[in-house]
Amino acid sequence: MPIVHKGTVVDNKKVGSYFVLTATAADMPKEFKPGNFVAVAIGDERSSLILRRAFSIYQVNDRGVYGGTVDIVVSPHGPGTDYIASLKRNDPINLVGPLGKPFSLPKDPVPCVLVGGGYGAAPLFTLAEALTARGCRVDFILGASTQEKLFGMLEARRISTTLSVTTDDGTSGQMGRVTDVLPDVITKSNAAVVYACGPMQMLKAVSEVALLHGIVSQTSVEESMACGIGVCMTCVLPVIGDDGITRMLRSCVDGPAFRGDKVRWDQVGQIPADTWGAPSEGTH
Amino acid sequence: MPIVHKGTVVDNKKVGSYFVLTATAADMPKEFKPGNFVAVAIGDERSSLILRRAFSIYQVNDRGVYGGTVDIVVSPHGPGTDYIASLKRNDPINLVGPLGKPFSLPKDPVPCVLVGGGYGAAPLFTLAEALTARGCRVDFILGASTQEKLFGMLEARRISTTLSVTTDDGTSGQMGRVTDVLPDVITKSNAAVVYACGPMQMLKAVSEVALLHGIVSQTSVEESMACGIGVCMTCVLPVIGDDGITRMLRSCVDGPAFRGDKVRWDQVGQIPADTWGAPSEGTH
Amino acid sequence: MKRVPKRTSVDMSVDLARINLESPVFTASGCAAAGKELDQFIDITSIGAVVTKSVMLNPRSGRATPRMAETPSGMLNGIGLQGPGIDEFIANDLSWLSQKGAKTIVSIAGNNVEEFGKVADKLRDIPGVVGIEVNISCPNVENRGQVFACNPNAAADVINTVRRNVSASMPLFAKLSPDVTDITEIARAVVKAGADGLSVINTLLGMVIDIDTLKPKLSGKTGGLSGPAIRPVAIRCVYQIRKALPEIPIIGMGGIRNGRDAVEFFAAGANAVSVGTTVFNDPEACVRIHDEIAEILQEKGLRSIRDIVNVAHN
Amino acid sequence: MKRVPKRTSVDMSVDLARINLESPVFTASGCAAAGKELDQFIDITSIGAVVTKSVMLNPRSGRATPRMAETPSGMLNGIGLQGPGIDEFIANDLSWLSQKGAKTIVSIAGNNVEEFGKVADKLRDIPGVVGIEVNISCPNVENRGQVFACNPNAAADVINTVRRNVSASMPLFAKLSPDVTDITEIARAVVKAGADGLSVINTLLGMVIDIDTLKPKLSGKTGGLSGPAIRPVAIRCVYQIRKALPEIPIIGMGGIRNGRDAVEFFAAGANAVSVGTTVFNDPEACVRIHDEIAEILQEKGLRSIRDIVNVAHN
């Protein structure tokens, strides 16, 4: 069960373009599953920013001197993320979590490819551990626009069978997109599942590649969220259910991980006409 | 001329119930006169508190390693003052100043009594220096509800001929009010002017005592301010002009120091019926 | 681990249009779904009532995203009343709530007057439903999308119809929009039409322009402004309505962030309060605010929440 | 030391109801007095125009204190139009402004329709006055204190009367209140009555209860809500009016804190902007915001402020 953690910043260090922030969060490690996220409050009651910001959980630790802690990877680019990046050791931090449905893990020890775009890599390392623990082979692909925005290369190399890297500008690894190398990695590793987290365009492209290869994809989406706990309905996207019907699902509680072939990528941001309850003449 | 200072906190230390905060403020020392105040912003653009808070200038220093600095004495009791009390060395602080009309100084080297209630003592020390420099004898009275809320006892003793202290609860000095000892100090020092800063009730009582003794009083008032620079008209109180007409004057630019006998103390918070432009039937 | 109110010697119970509730703090419609998600953080049966997301006759997909924009001390939303429709709502959400033992105020909406009646009719004899909040701040598709709550006749029509479709004993709250020249005029009209109480206020119509695209940020262009930013407007509306209608039960809402804010509402004339946007910031807010109100009353030496209602008018 | 706009290659000049101004950023009435105090911080002649505090026929003491309360991302004020009266205003304030070379838009107010006319009449042939803003968001003492701006006929009456009392070439801006059911109805009425442009918006009616006394905090009980909190409402009003009246010059205001906020107003349809409450936070705000707008335009590769006006409608 998620709870409200009135924690403290243990550490906040710059790593490339990002900040890796460690905060105390008592029981989070026990409750955590790979793919969960936390929602961080931006300041106290004096703050004019009242909505929390969502961050994938990068790591949890329950053996440290601080009791349970949680790590997130923050890309500063707006008022909320800039604030979090500015936090210092011992500053108070309020976070709610763990939130969201975790990644689904395969029942059998099948090979898996993990694809992370930018800070989208963050949730994949604990996932890799869980998969490895089940005997799955793990291959990693990390991509970003430029070298500074790659996250976790060393760690990915350590915990995976192979690591492939792409950057849009060629400053690290192969110049290009993750989907340029994905087919090859799937083929070589004989992957049965692709896990992906990153920008929506990337997730869409990854799902298409997975579909072409006839394998399952799990994509962790990023939709603008107001509450993060399922009560506001701002974070929806069109997803096809097991009954074949498209519904506007909440990415915070029905996701953020969805099966790639179930998300109607071309119509994210829209209401497909055949969506359950879609507007018909004169009713919306 | 007042300017906007984007400064830094040099120091912020607890003194009794108060915090004495030192901030960099380049040219403030050159512009400063005793009785001026500064208006401090509460946080940055993320803050939901958009109005500045006013603080008497306690000290200025232009010889320090930080260039010009200014000291204020803060009594934390609300969102804005709590924020300022929480500031730490090197935190940014934005202040506008010096603001307000300074205290009027006597032309001749006459004895003066300085009465400070609580943090109201803050502007009196630089005033005492200026008076002493003109050859005035200075006697100090400090009062507060309790010992912790007395400010500047040691300093007052050092720079004055006599220091009298009162507290409501008798935890320091004489139990009672500043006006219990004021008549005696006036008489003994043969004072020609009383300067006072503190709660409105105290200022009223001090003016009355001064009036009884036929001497001048200068009172530095504290009215709720939205702008501090004279443009909003929130900080007004009824003051009798040289022409005998009562007007609603702005305490931020026409004050904060007013002649005690000119302020209509009983009607602060009201519009006396004979005020210039006061509502008459059917016009307000 | 679920937060419940602290014990207090202050009597926090309220009597609101024939309903007796243990706490004066409710959720706000659309900010707590149907209570299930919040029940992870607070014991949903320990708050005054769960006011559910406005439900319509048929399932609704809601609007395209983006559906929200953050604003200074507030937010803009344009969800478009996404929901399962009244039948599925009764089958799933209400049955869960009643099984839990929660007190539920069901918020209903409609595209036209008739639809409001149909939705209300379905709610007869459903256990756990202690009241109905009629969200008239939605557009009337039969009248060029004019919002019911912005016209006294349209507002009264809706309340009249709902009244005729529910049992006489079912408490009805009309939820008013602040986007009118004279909110007391609408208040009087709906009370005359049969509302037992008023919910004050719904969101203010607002817009945010996306600085990158230079187009309205929400897919629906305009949206509803909520959060602490609007509190002074909400307090003013409650105060005005209380003055115009000294006896009508009022559920106050709009920007309540803590117990002090809630106390402002009670003093202005509210008999109970709903907490909306703040729940997004603090999922425990309804219980925390209950506790904070009790503390403030205690500090003031008051024994009952009812001692503070309307005091700003004296 | 006084701040002046930075040099920029962007054309920041605007043409507003026959006035040509070098900057689209003005002060807001009541938030800059008559410019003198701000001239310590910024060169008052370097901004688009100084919009002065609403002046009435006779001297006014204004309301008793407290006159303000801080609110989340905003403030409530109830000053009660304290001022020297039109004669003293002309003799002192306007003569100072014109001697400085500032462009002045004089805001006027009245207790009844006739008084508006008298005040306007006094402003004939005063140097430096480039326009008159008619503050119709004040109560009509002859009609139970109903605010002129809340009724299309009363609003039109005022504008009509003012129009007849000024030269035909004097640009008139009617300042509208957001506290109405349909702001476009009022906008149309005042334009028909002779307004050359619209100032959008005045404050929202609000109230704050003092938590200690449990009474309204302002001596006037209600007051006007301003600041960033109301920006989404202001943007919506500007957008709606622009849509209804594609050609009318609009001065947009309400919660502008930085250049991005101002750009939202231009995109929604404003031709110029006024900065009010933010000046209390930053006395240099008008110049700073001018600079920030120019920077944003430059980043977007735009050459003129006029290129961004209305773009949210395309």
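The first chain written gets the first letter, and so on, giving A, B, C and D; residue counts start at 1 in each chain.
Going forward, a residue touches a chain if its C-beta (ideal position, glycine included) is under 8 Å from a C-beta of that chain, and two chains touch if they have at least 3 such contacts.
Quick caveat, the model's predicted, so the values are computed rather than measured.
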Contacts common to chain B and chain C (chain labels): A, D
Chain whose average C-alpha position is farthest from chain D's own: A
Which of A-C and A-D has more C-beta pairs touching across its chains: A-C
Averaged-CA centre spacing for the pair chain C and chain A, given as whole angstrom: 34
Whole-Å gap between the CA centroids of chain A and chain B: 55
Separation of chain A from chain D, taking each centre as the mean of its C-alpha atoms, in whole Å: 47
For chain A, residues that touch 2 or more chains besides their own: 45, 48-49
Chain D: positions in contact with at least two other chains: 72-74, 227-228, 257
Chain contact topology (line, ring, star, complete or other): complete
Complex contacts: residues of chain C adjacent to chain D: 69, 71-74, 76, 150-151, 179-182, 204-209, 211, 214-216, 221-223, 225, 227-233, 235-236, 239, 255, 257, 260, 263-264, 267-268, 296, 308, 311-312
Chain B residues touching chain A - in the complex, by the definition given at the top: 42-43, 45-49, 79, 83
Interface residues, chain A side, partner chain C - complex: 1-4, 41, 45, 48-52, 96, 223-224, 226-237, 247-248, 253, 268-271, 275-279, 282-284
Complex interface listing, chain D residues touching chain A: 72-73, 228
In the complex, chain C residues that touch chain A: 1, 30-33, 37-38, 40-41, 53, 58-68, 70, 72-75, 77, 79-80, 82-85, 111, 141, 219, 227-228, 257-258, 277-284
